[in-house]
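Common to both upcoming complexes is subunit A, partnered first by subunit B, then by subunit C.
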Partner chain A sequence: MQHQYRVGWWTYALVIATGLVILAPFAWMVATGVMTTGQTLQVPPSIIPAPTTLAGTEEVFDRIPFLTLLLNTILVSTGRAIFTLVVCSMAAYALAIIKVPGSQVILILILALLMVPGDIFIVPNFAIIASFRMTDTLVALFLPSVFDVFGVFLLYQFFRGVPRELVEAARMDGASHLRILTTIVVPVARSGVVSLAILTVLSEWKDLLWPIVVNRSLDKLTLGPGLALLRGTYTTDWNVVMAAGVMAALPMIVIFLILQKQFIASFARSGLK
Partner chain B sequence: MIGYLFLIPLLAGLLVFRLYGFGYNIWLSFMNAGAFGAPKFTGLDNYRELLSDSQLGIAIINTFKFAAISVPGVVLVSLLLATLMQYRFRGESAFRAIIFLPAVCLPTAIILVFGWMFQTQYGLVNAAIQAIGAAPVSWFGSANGVTVVVSLLVVYLSFSVPTIVLYAGMQDISPDLYEAATLDGAGPLARFFNIMLPLLTPSLFFVILTTTIGTLKLFDVVYLLLPPVDQSVSMNYGLTLVYYYFYLAFIESGQRGYAAAVSLFLLVLILAVSVILLRVQRRFVHYGEDG
Partner chain C sequence: MLKTNRRRFLVAASVAALATPSAVNLAFGADVNLSLMIWDPAQKAGVQKAVDAFEAANPAVHVSLGQVPQDQYYTKLDASLGAGQGPDVMWQSSKASYYVNGGALQPLDEFIKKDGVSLNGYKKEITGLYNFDGQQYGIPKDFDAWVFIYNAEIFKTLGVEPPKVDWTWEDMVRIAAEIKAKQTSTADVPLYYNYAFNNGVASLVHSLGGAVIANGKGTMSSAEGVKALDMVKELQDSGLILKIADSSDFNPVNALISGKLAMAEIPSWNLSLLSKADVPSGTFHAVRLPAENGSWASDTNGLSYVMNANSQHKDEAWQLIKFLTSDDGAVLHAEGGAGLPANTSEAARAAFVKANEKLIGLQDALSAAGDKSYLRTTTQYPKVLTGLPTINSSVMGAFYSGSVSAADTAKQIDDILNKSLR
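For the complex of A and B:
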């Protein structure tokens, strides 16, 4: 349908205008991050920081254990993605490929659970994690989220598209279900698996409520809640906060730019219901 | 039999963190429970408190106010961006990447930079307002100011996924329809309102439903903009249902039983809004012959 859209000067005007509006907060974050605290207190503010300084960046490492927070974020989102993929792909295999008796009932249960917001479970889940004596651990950050009904449903739809002949041929050859899952179904449905991995990592990366509930010590937190601690009670050194914001946002933005196609496909699939 | 083994991890997890969790929440909602000590049974007291709690009323009004402003905002912004994505122009891939930046950036960083831009004394927004000769606004000191900043942030943080959903919906519309309409003399506006919008209603409905539910669960924006130190502000102008629930359960931690009742109220509210939207959908959403 593209051919009937003629690109005029106003298309460029709109694209540039919206693009700049979206970029403006990022630009201001970077600009503030290389200012001195004094520069952030100018009235009116100077838009272009001159001279630029990395003092704010250095200050970040003095105030919060930034590298620990970053490492925690990476560990927790990787751990959550791995466990989610294992739990969800096994369940989706049982429902879509083996089609165990009662699959329909379980699918309806899964669809019903999709409607229930996870946020209402923070008090009971905190009590459960506390009874396991697991508060203030990295595992506590992702354990309740790996039993992901959305993930099961997403993979179920992809696994259903796997040709039956492939699975049956492998069964004839005596392959176990676990082997078929890992060597046939997952590779054939890999775009669904990749999407679930991306959406899971992003969701952990962005989570704020559950981490601040379950983990109190700073060295067991992720970047999202950790960064918030840089804000002062009465005054805030915004150059320090913004320098930390840039550093914390950068890793995922770089990963996104590398895997742009897969990310955008995943976002489109998060609307698959 | 092996099939059920494959389901065990999922079902065991759901049993603990969802089924038991849900039962625990219901049980707790009949208790007077603090952070320490054994909960005491109080019957329907927590539910009676739901009816008379003015803070809860504020949280409900705020939550709906934020949703009422930001959901149309998200729909309009994502419609505009999805339409722009249809065009082929130079720099198109860069534009696409920019559209998704807010969805991949750490929300805390975005929320904090908005807090900085709208800072009363040294913020960029007030500087711009003063440059055109108007009086600076105390963005976090008034209900309207907070509503503006929160709604802008919600739109900014949530337009990316709706944009790609609407874009995919637009791609599914057959070009023949536009051509036929053009031959019949329909201009761009007529094509937009008579062809694209009706055929886009399934995607639009999905966007409205997910954005509405997302906004009803709003927490990170208000928590980070209005931290629970200055209670007069955070507990009024920016108080949302999830923020209130979190506050009752973990900050003023004497009230976990009541917090459980609030969370069940939130669940009922979200389910009710979903059902209402699904009913509206049946009347207005156009699913083609094969849909």
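For the complex of A and C:
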């Protein structure tokens, strides 16, 4: 019999207070986005815009090709997610299912690489992309990231949970490794695959340093560096930056609202957040 | 015979063309694409204006001007120059020595000599910053100067007499106290004085006739060094400037524009932000820094245009550098309003002052600052950059909080400076 817990008023109060703490910065961002530059400079800061204006939003479109950057971000995020899933699932399959010779050593190397800050690889990554003559291209934005050690490790953990019997039965039926991977392993470990896809898209959506370093044309950048270009060196029109921030976050918020059940279920199963 | 000669000629021409890509472009009139990289968005309009004029005069050369946020500027340079790529022409600062040592920058002496460019037309201290082992790697584009800006509307409203052109430190303290006494809102601030060791404090040491480093050793423990520390702290303790601990996100430019701050010490690179602010003309006035013992001092640094040693179009890149730093180029850049030209021509200075004409008295204030400028400590001694974060955070933080005396603070600073200089 399922025990029914009584939810006290203080639980609601705690949930509301926590919700407000989380949502307040977003609300402030939206409010600042519809202020005039003068309002954003007030001391103490004003939180309610009066009057509201879309001047900041218009300024965003004047200063950067926002729609181009948004399209680039969508293309690059999608491309990165697809290629990352392909590369990482094949690598994880080799380590977890096939158990290739030296897989333990490879895993230790992967764990070691996980502990190294990614920015360290900026210079060698640039040298590799430059040797391919691919700097200042959209592909350059995601190519180094598709070889993602975190993704390999994450999928390795999920693939290890796939019942051996299923894989062995398929092998006895003459299924190839690619067929086993696509028809058995990935569907069984789909929550891990979906989690990795989401994390990859989020990571690309907010990436800043690599796009700035590898590309130089404004129309070959993504939203992260686009927003950074709206900041001045010494002073910043915060209403413009916040208006751009709202517009940049909006697609992700809409996607989350549409797919929130799948998102939450996937992360709950994967134990990530 | 004719046939053989023609073949020889073609072979020789091909070899020559392969050897010098620039020669190909010049010889056959092919278009050349140059890339130029800067970091300050406030200066982009001025640089673009100069670039447009260069392109108009050189129709076969196209310049792509890229602006990279300052936080990522050097990371991008490190990555791209390390891979043998990078912009043809770029800005450099006091970090230039690292790139020179790495062989990433092209010495310009050959070009300077060939075109007979005189370096006497630039601020001497800045020109010297880009000379390493007798070779010139950069042509100066701008320099820094500090002036005081006051919001005349606030002085008028409060009925306080504003600073005069020949004001002193005592005048500054007196005026700030008068304003403080009449300000009613707790959000209002009478004065902003740059409290950073490398700027405001060091400038005061120089004003008092001392130096931060002499004979390769820190000299903050001198009477002038200790007095300078005490003078800045006194401003804080008497409430004339914000408490230093609360000042990290205080932006004097924004505060002046919003009318919350009456007067502030402002560097030249921020003047255009004030002149472009949406306030009535005549709101902001400029005066030189207040004198102490009849003198004042303004720390300076300066940027330069440098050339990538791996540029495929060195002749064209040099032509671009030459134009951007010429009298005409400097005037066009200055018309953008940001970046005080290191080109010493009267026309360049006049263009900068005109672009910032909403700041009353700027010409005299800048002249006074330029006359009394000295190389910033970290500019003259780049090794000090390693110790500066410690000085700013732990040493100066403890001093301004009142837990360490000025004499002990000066001694600690000297110890850090000496360690850095070793």
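Following the convention adopted for this analysis, the second predicted complex is superposed on the first by the 215 of 273 C-alpha atoms of A that agree within 3 Å, B and C clash if a C-alpha of one lies under 4 Å from a C-alpha of the other, contacts with A are read in each partner's own complex, and residues count from 1 in each chain.
Basically, contacts are C-beta pairs under 8 Å (C-beta built on N, C-alpha and C of every residue); 3 or more make two chains touch, one makes a residue touch a chain.
This structure is a prediction, so every number in the text was calculated from the model and none was measured.
Touch criterion met: A:127 reaches subunit B and subunit C at once.
Shared-chain residue A:41: touches subunit B and subunit C both.
Of the two partner chains, neither subunit B nor subunit C is touched by A:49. By the touch criterion defined above, A:192 lies against neither subunit B nor subunit C after alignment on the C-alpha atoms of chain A.
When the two complexes are overlaid on their common chain A, residue A:229 makes contact with subunit C while staying clear of subunit B. When both complexes are overlaid on chain A, the residue A:242 reaches subunit B alone and has no touch with subunit C.
In the superposition on chain A, contact is made by A:149 with subunit B only, not with subunit C.
Within the superposed three-chain arrangement, the count of touched residues of subunit A is higher for B, of the candidates subunit B and subunit C. In the superposed model, A:257 lies in contact with subunit B only, and not with subunit C.
On subunit A, the surface patch touched by subunit B in one complex and by subunit C in the other comprises residues 41-44, 119, 122-123, 125-127, 208-209, 213, 225, 228, 231, 233.
Taken in their complex, subunit A has these residues touching subunit C: 37-38, 41-44, 119, 122-123, 125-127, 130-131, 135, 208-209, 212-214, 216-217, 225, 228-229, 231-235. Here subunit A touches subunit B in the complex through residues 1-5, 7, 11-12, 14-15, 18-19, 22-23, 25-26, 28-29, 32, 40-45, 86-88, 90-91, 93-95, 98-100, 106, 113, 115-117, 119-128, 143-144, 146-147, 149, 152, 177, 202, 205-206, 208-209, 213, 223-225, 227-228, 231, 233, 236, 238, 241-242, 244-246, 248-249, 252-253, 255-257, 260, 263-264, 267-268, 270-271, 273, going by the rule given at the top. By the touch criterion given at the top, residues 35, 37, 39-42, 64, 66-72, 75-76, 78-80, 82-85, 87, 187, 251, 253-255, 257-258, 260, 269-270, 273, 278 of subunit C touch subunit A in their complex.
Chain contact summary for the complex, subunit B toward subunit A: residues 2-4, 6-7, 9-11, 13-14, 16-18, 20-22, 24-25, 28, 80-81, 84, 86-89, 91, 93-110, 112-117, 119, 121-124, 127, 130-131, 156, 160-161, 164-165, 168, 170-171, 173-175, 178-179, 182, 203, 206-207, 210, 213, 217, 219-220, 223-224, 227, 229, 242, 245-246, 249-250, 256, 259-260, 263-264, 266-267, 270-271, 274.
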